[in-house]
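Each chain gets a letter, A, B, C, D, E, F, G, H, I, J, K and L, in the order it is written, and its residues are counted from 1.
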Amino acid sequence: MANRTYRITEIVGTSNESIDQAIKNGINRVTQTVRHVDWFEVTEIRGSVRDNEVADIQVGLKVGFRLEDA
Amino acid sequence: MANRTYRITEIVGTSNESIDQAIKNGINRVTQTVRHVDWFEVTEIRGSVRDNEVADIQVGLKVGFRLEDA
Amino acid sequence: MANRTYRITEIVGTSNESIDQAIKNGINRVTQTVRHVDWFEVTEIRGSVRDNEVADIQVGLKVGFRLEDA
Amino acid sequence: MANRTYRITEIVGTSNESIDQAIKNGINRVTQTVRHVDWFEVTEIRGSVRDNEVADIQVGLKVGFRLEDA
Amino acid sequence: MANRTYRITEIVGTSNESIDQAIKNGINRVTQTVRHVDWFEVTEIRGSVRDNEVADIQVGLKVGFRLEDA
Amino acid sequence: MANRTYRITEIVGTSNESIDQAIKNGINRVTQTVRHVDWFEVTEIRGSVRDNEVADIQVGLKVGFRLEDA
Amino acid sequence: MANRTYRITEIVGTSNESIDQAIKNGINRVTQTVRHVDWFEVTEIRGSVRDNEVADIQVGLKVGFRLEDA
Amino acid sequence: MANRTYRITEIVGTSNESIDQAIKNGINRVTQTVRHVDWFEVTEIRGSVRDNEVADIQVGLKVGFRLEDA
Amino acid sequence: MANRTYRITEIVGTSNESIDQAIKNGINRVTQTVRHVDWFEVTEIRGSVRDNEVADIQVGLKVGFRLEDA
Amino acid sequence: MANRTYRITEIVGTSNESIDQAIKNGINRVTQTVRHVDWFEVTEIRGSVRDNEVADIQVGLKVGFRLEDA
Amino acid sequence: MANRTYRITEIVGTSNESIDQAIKNGINRVTQTVRHVDWFEVTEIRGSVRDNEVADIQVGLKVGFRLEDA
Amino acid sequence: MANRTYRITEIVGTSNESIDQAIKNGINRVTQTVRHVDWFEVTEIRGSVRDNEVADIQVGLKVGFRLEDA
C-alpha cells in the first residue's frame, strides 16, 4: 500500500447557538465539496457582539483530508 | 469619517454549566459597564474540580469595543 | 502548614456529543484513580470525521491535583 | 439566513518597495481568482538582501473569504 | 525614588492608508485620555477587504504608560 | 449565587533588587486602586543595564480581580 | 518584472521508514498536481504506534509555490 | 461503547545515530511498561556535542495511550 | 551502554517567600518519590493575592528523570 | 560544492519615520561589518512615545548570512 | 543624530544560589567583552538537580547592546 | 569554581541528504571557529524544492558553547 498524503484546509465555521454547532456547520460545508475528510483541529474561537449579546460564534478549524492518488 | 480606535479588555467569564454559557455570562457583565462592545476572542478555557466533578468553567476572553471620539 | 506541591497530568477526554461532555468524561475517568483533583486547563480541541459527520470530539486537558505529603 | 462558512488561504505577497505594498500586491493577486475576499491577517514579514540592500519584502498573509452555498 | 509601576492597555489602531499611520492614529487616540504614555508593541496586523481592495488596516498595539503614585 | 466575572489588567512592576520584589511592588501599586485582586501571572522578565550592572528589573504581570455586580 | 505572489498549502506526508522519507513522499505527491513548488517548512512531526512499534511517521508541511499571473 | 480516555506521558528518547532512532528507542522503552500506546508527537529535538561531534540526539516526545476502564 | 530514556513529569511548587524557594520545595517533594531526577525547566510563574499581599507563589516545573532499564 | 552553513544574527533597527525605514537602517548597519547577508525576518515591532507622539520605531530582525568556508 | 542599531546576543547565566544571581552573573560576564549593554530579557529558566537538590540554576537571556557607528 | 556563562549562536546547517546530516554539517562548521561547543537545539526544519524534488534541507540550530573567563 502506498504512503498516504493528507491535505489540511483552514476554515471558519459559524453559528449563533454554540461552539459545537459552529464546528458541525463548518464540517458540514466542507464535506459538501471535499472527499475523505478525516479529522479537524480547533485553531481559534471568536465571536461578534451585537446589541450587547453574543451574535455570532466563529470557530477556526484546520480540516484534514486524504488526497487520492494522482 | 475619522479612523476608529478600539480597546481590548481581558476578562474571565464563568459558569457551572458550559463553555458557551461562561462566554455569555462574561459578555453580559462587560456590556453592563462598557459601550460599543464589538467582538471577543477566547484566550483560554480552564475550570475547577470539586468532589470529583467539574465545578466551575472559566473562559478567558479578550473583548473589543470601539472608543468614542475623545 | 507545609507548602503544597501539585502534579499536572495530561489526558484526552472524548465524547461524540459536545466539548463540554468530553471534558466531563475525561475528568470523571481521572478522578476514579487520582485523588485531590483540583483544576484543569484545555490544551487543544480536535475531532475525527466519519461519513461526513463529526464522530468524536477529543479535548486535551492538563489536570492538576495536590500531592499528599510523602 | 444560513450560517456562513469562510475559508482561509495562505499566501505570500511581495514588493521591492514596502510592507504595505506587498500586502496590496498579494491581495490584488488573490482577488483575481477568488471571490468574496473579506479579511486578511499578517503571519510573517521577511525579505531578501542583495548587494547589501533590501531587495524583496515578503509578507505572509492569511486571507479569509466566504464560501458560497454548495 | 520609588519603584515605578507601568500599566499596559491593549488597543487596535486603524487606517485606510498604511500600517505606520494606523499605529499613529491609535497612539494619538490613547494619548488624548491617558497620561505618561511611554512605549508600544505591535501584537497583530490585520485588515478588511472590500471590493477587492485593502479597505482598512488594523494594528493591534500593547501601549505602556507609567502609573502615577496612588 | 450569580456567576462571577473577573477582569485581567496587565502591569509592569519594577525593582532594583530582585524579581520577587518587582512582583510585590507591582501588586502593591495595583491594590491601592483596584479591589478584590485575586491572582497574578508573570508574562515576562526584562531589565535595563547601566554602567555594566543590572539597574532595573521589570516584571510583566497579568493581574486578575473579581468584578463587583454592576 | 511584476511582483510575484506565492501560495502556501499545508499537507501531511507519511512514511513507515523515516522523517526524511515522509517529507519526500509528501513533496512528491504535491508536485504531481501543483506547479512551481519552491520551498517547504516542517510544522509538526507525529506518528502512530501499533503493536508497540512506530508504525507510521506523519510530517506536517507548509509547501510554498509561485502563482502564475492570473 | 463507553467514551475512551487517553493519557499523555512526556519522555525524551535518545540515540547517538539519528533522530528516527531516538524516537524508536523512546517508544520501545515506554511500551515495556505502558500498554495501549497509540500515538506520539515530537516536542523538541536537542543534542549534546562532545569533541566537536554530535554525541547524543535527544528527542522530546508526547506519547498517548488509552486508559483501561477503571 | 544502552541509550537512556528520560521521563518528564509536570508539577507546581509553591512558597509564600520567593520563586527560588517554590522551585526548591517542588523539587524536594518530587525527589521523595522519584529517583534519578536530573533537570527542571520553569513553565510558568503565578501566584495568589490575599488581603492585598502576594500570598502564594506557584511555579510550574517540568522535571526530567532517567528511567531505569525495564 | 560543499554544503553551506548560515549564521543568524539578531538586531534592532530604528527609525523615527516608518517600519520600512527601520528595517533598511538596520540592514544597512549590518552590511557594513558582515558579508554575504542573504535574508531577514521581522521578530517584533515596538516603539517609544514622547510628548504624545510616536518617537522611535524599533524593528527586531533576525538577519541571515552565509559563512565562508573556515 | 543618526538612527541607532542594536544587536541582541543570547547567553545563559548560571548560579547555584538564585535566579537573580544567575542573571547578574551572566550580565557581568557579557559586559567584560561587550560595550554599551543596554537591556536584557529572560528567555527561559532551567536547572540541574544533583543528589536530590537544585544544583545549578540556568537563566537564558537575550542581551541588547548599541552598535557603534561602523 | 566560578559560575560559568554560555553563549548561544544561531545557525542554519544544510544538506541535500537528510535532516541528521544537515545538523552534523552545521555543527561541524561551527566547531571549526568556536571552542567549547556543548549542546544544540533544533529551531526549524525547512527546505527548497527544485524540479519537483527536495533539493536542500535547512535545519535551524541554536548552538550553545561555554565562554572562557574574560
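Heads up, the rule we're going with is that contacts are C-beta pairs under 8 Å (C-beta built on N, C-alpha and C of every residue); 3 or more make two chains touch, one makes a residue touch a chain.
Everything quoted here is computed from the prediction, not taken from an experiment.
Would you mind checking the shortest number of contact hops between subunit E and subunit H?
Each step joins two touching chains, and the minimum needed here is 3.
Under the document's definition of touching, what chains do subunit F and subunit H have as common neighbours?
Joint contacts, listed by label: I.
Based on the averaged CA atom positions, which chain is farthest from subunit J?
Between subunit J and the rest, the longest centre separation is with C.
Over half of the contact pairs shared by residue number: find the pair among E-J, A-D or B-C that meets that against E-F.
Having compared contact pairs by residue number, the answer is A-D.
Can you work out the whole-Å distance between the CA centroids of subunit E and subunit L?
Centre-to-centre distance between subunit E and subunit L: 38 Å.
For subunit C and subunit I, what's the span in angstrom between their mean Cα positions?
So the centroids are 21 Å from each other.
Suppose each chain is reduced to the average of its Cα coordinates; what separation in Å results between subunit I and subunit K?
23
Which subunit E residues touch at least two other chains?
9-10, 19
If each chain is a dot and touching chains are joined, what shape do you get: line, ring, star, complete or other?
Contact pattern: none of line, ring, star or complete.
Which chains touch, pair by pair?
A-B, A-C, A-D, A-G, B-C, B-E, B-F, C-H, C-I, D-E, D-G, D-J, E-F, E-J, F-I, F-K, G-H, G-L, H-I, H-L, I-K, J-K, J-L, K-L
What part of subunit B is in contact with subunit E in the complex they form?
Per the touch definition, subunit B meets subunit E at residues 3-10, 62, 64, 67, 70.
Where on subunit H does subunit L make contact in their complex?
Checking each residue of subunit H against subunit L gives 18-19, 44-49, 52-54, 57.
Could you pull out which subunit G residues touch subunit A in their complex?
Result: residues 9-16, 22, 25-26, 29-30, 32-33, 60 of subunit G touch subunit A.
Tell me, which parts of subunit L touch subunit H in their complex?
18-20, 23-24, 27-28, 31, 37-42, 63
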